[in-house]
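The structure follows.
In this document, chain identifiers A, B, C, D, E, F and G correspond to the written order of the chains, with residue numbering beginning at 1 in each.
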Amino acid sequence: MAKRLIPTFNRVLVEKIIPPSKTTAGILLPEKSSKLNSGKVVAVGPGMRDKVGNLIPVGVNEGDTVLLPDYGGTQVKLADKEYHLYMDDDILGTLHD
Amino acid sequence: MAKRLIPTFNRVLVEKIIPPSKTTAGILLPEKSSKLNSGKVVAVGPGMRDKVGNLIPVGVNEGDTVLLPDYGGTQVKLADKEYHLYMDDDILGTLHD
Amino acid sequence: MAKRLIPTFNRVLVEKIIPPSKTTAGILLPEKSSKLNSGKVVAVGPGMRDKVGNLIPVGVNEGDTVLLPDYGGTQVKLADKEYHLYMDDDILGTLHD
Amino acid sequence: MAKRLIPTFNRVLVEKIIPPSKTTAGILLPEKSSKLNSGKVVAVGPGMRDKVGNLIPVGVNEGDTVLLPDYGGTQVKLADKEYHLYMDDDILGTLHD
Amino acid sequence: MAKRLIPTFNRVLVEKIIPPSKTTAGILLPEKSSKLNSGKVVAVGPGMRDKVGNLIPVGVNEGDTVLLPDYGGTQVKLADKEYHLYMDDDILGTLHD
Amino acid sequence: MAKRLIPTFNRVLVEKIIPPSKTTAGILLPEKSSKLNSGKVVAVGPGMRDKVGNLIPVGVNEGDTVLLPDYGGTQVKLADKEYHLYMDDDILGTLHD
Amino acid sequence: MAKRLIPTFNRVLVEKIIPPSKTTAGILLPEKSSKLNSGKVVAVGPGMRDKVGNLIPVGVNEGDTVLLPDYGGTQVKLADKEYHLYMDDDILGTLHD
C-alpha cells in the first residue's frame, strides 16, 4: 500500500505540519503559537491549461512550506500517512524563515 | 450485452478497485488500510476543445491507477460489471508504486 | 405530421433503446440486464461556435449508439414516435459491440 | 398599430403554430397529434458578437418552422396578433416534411 | 435642473411611449391595443469593450422605437420627465411601421 | 487625517451631490426636483485589464457629474468628508447641462 | 516561529492600521476620526495569469497604505503579529497624504 500520488492538473499534495504543543525540553507552549495552518508540499500536478491551450505551471513547488486555508482541501491517506490535496490557487502563500 | 463504452469529451471510464478486506492468507486487514478510493482507467474520451477550438487531451491515460473523489461520478453497468464515469478534472491524481 | 427534425447548434436527437424484458423465445430477462440507459442518434445539429467564431462539430454522429444520462434531455414527439434531445456534452459516451 | 419588429442580437420572432383540433372535414383529432410545440420564424436579429467582436449570425432563418421549448420565450402582441421572442439557442431545432 | 444624460457603456436611455387610451376624436380604445411596452431611444452609451479590448457599439440607435422587456430597467427623472435606462441586450427589438 | 485616495482598478471615487431642499432665496423646493442620485467624480482608478492583459481605462473621468445607481457603492470617510466608491460599470451615465 | 510569508498569485499581505483612540498628548479623539479601515502592504504575490498565460502584476505595491473593504480578508498570525490576506482586486484604493 506504499503508493505515491501524482496530483492532476493544478492540484498540490500537502503534508500538514502539526505544531509541537511543548518544546523539546518539555515546556508547554502557549496556545497562540500553534495557530498557523501550514504544510509541506510533497507533490504538485503538471498544471492547468489556459483558454488557448498553454500549460500554466502550478504556483508552488515540491518542498515549499505553504500557508493553508482554514477550510477546503481533500484528505488522502497514503501508506497510513495523512495528506491533503489543494488546488494551487487555494494555497495562501509560501512560508520562509 | 458485452458492450464497450468510449467516453465523450474529457470523460474517463473507471473500474473501482475494491480493496481486499483480508490478505490472501486469510488474515483480516484493519479498516484503515482500505480507505483509499481508487480505480483503474479503462477508457478515456478524445478530450475537450478549448475556447479557440484546440483539442485538449484528457489528463489521465488508459491503464492509470487513479485516486477518485469521494463524491460524484456516474455509475454505468456494462456486461454486468460496474464502472464509473468521471470528468478528467474531477480525478484527484494518479497512483504509482 | 411526419416531420423530420434537424437539431440546432450542438443538440442531438436520440431515439431511446428500450431493452426487451423477455427474449424472443419468451424467457423473462432478469432486471439487471435492462439497466443501461442508451439510445440511437437519429440527427445532430451543425455544432456550436467557440469564443472566436469557429464551428465546433457535434461530438457524436448520426447512427451512433450512445449512453445517456439518467436525468435531463427534452422529450419530443415526431410522427407519433418519441425522441429525446440532448446537448452533445450531456451524452456520456458511445457504445460499441 | 401595424408595426413590424426587428429583433435585437440573437433574438428570433416566432408565430406559434396552433395545431387543429379537428380536420377540415370536421373529424376530431386525438389529443396526441397536437403535442408538438412549433412555430414559424417571422424575423431574426442581426446576431450576437463573439468574444473577439465578430458577428455570429442567428442559427435559424426567416420562414423556418422551428421546434420550441415548453418554457421560456417572451410574448409580444403586434397588430393584434400574438408572437413570441426566443434567443436562437433556446430553439430546439428546425422541422422539415 | 434641465440636465442631459449620456449613458455609460452599453446603456440606453429610453422615453417610454404611453399608448393613448382614446383616439384624438375621443373614442375609447379597447384595452388590447395598449399592450405593447415600447419606447423611444433618446441617448445611447459608447458601447462595451469585448474580451480583447475592442469597442462593441450599442445595438440600437438614438431615435429608434424599441420594444422593451416587461421587467427591468432603471427609472431616471431628468428635467421633470421620466426616462428608463436599459442595457442594450435587454431591449427586445426595434419597431418599424 | 487629510488623506487622498487613489482607487484601484476600475473603481471610481464619488462625492454625492445633495440637492438643495430650498433655493438660495429661501423658497422650499417641491420634493420631485430632488430625486436624481448624482455625484461628482473626484478620483478614478487606472482601469481593469482585459482577458489578454490590455488595460481598459475607466469609463468616466475626474470632474464628471455622474448618475449613480440607487443601491451599491462603498461609503468611505476621508478627512471628515463622506465619499462613495463604485465600479465604473455600476455608474449609469454622465450628466451635462 | 518568525516566519515570512510570500503570498501566492494576486494575494496581498496587509498589516491593519489601528487608529489611535487618543493623541500622543493624551486627548481622547472623537469616534468619527477612527472610521477608516486601512492597512500597510507588507508583501504581494507574483500576480495572476490572464486567459492567454501572461502574468498580470498585483495592483498594489509593498509599502502602500491601502483602503480595505469592511468584510473579507483572511486573518494570518506570523511571529505573534496579526496580518490579513486580500486578493488585490478586493483592495479599494491606496491612501496618500
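By definition in this document, a contact is a pair of C-beta atoms (placed from the backbone, for glycine too) under 8 Å apart; a residue touches a chain by one contact, two chains touch by 3 or more.
Values in this document were obtained by computation on a predicted structure and should not be read as measured data.
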{"item": "Minimum number of chain-to-chain contact steps, subunit D to subunit E", "value": "1"}
{"item": "Centre-of-Cα separation between subunit G and subunit F, whole angstrom", "value": "24"}
{"item": "Subunit A and subunit F: spacing of chain centres that average the CA atoms, whole Å", "value": "44"}
{"item": "Touching two or more other chains - residues of subunit C", "value": "51-52"}
{"item": "Chain ring listed from subunit F, with subunit G in second place", "value": "F, G, A, B, C, D, E"}
{"item": "Partner subunit F, residues of subunit E touching it in the complex", "value": "1-9, 11, 13, 43, 45-46, 49, 51-53, 74, 76-78, 80, 85"}
{"item": "Touching residues (chain side subunit E, partner subunit D) in the complex", "value": "32-33, 35-36, 50-52, 54, 56, 59-60, 67, 69-70, 88-89, 91-97"}
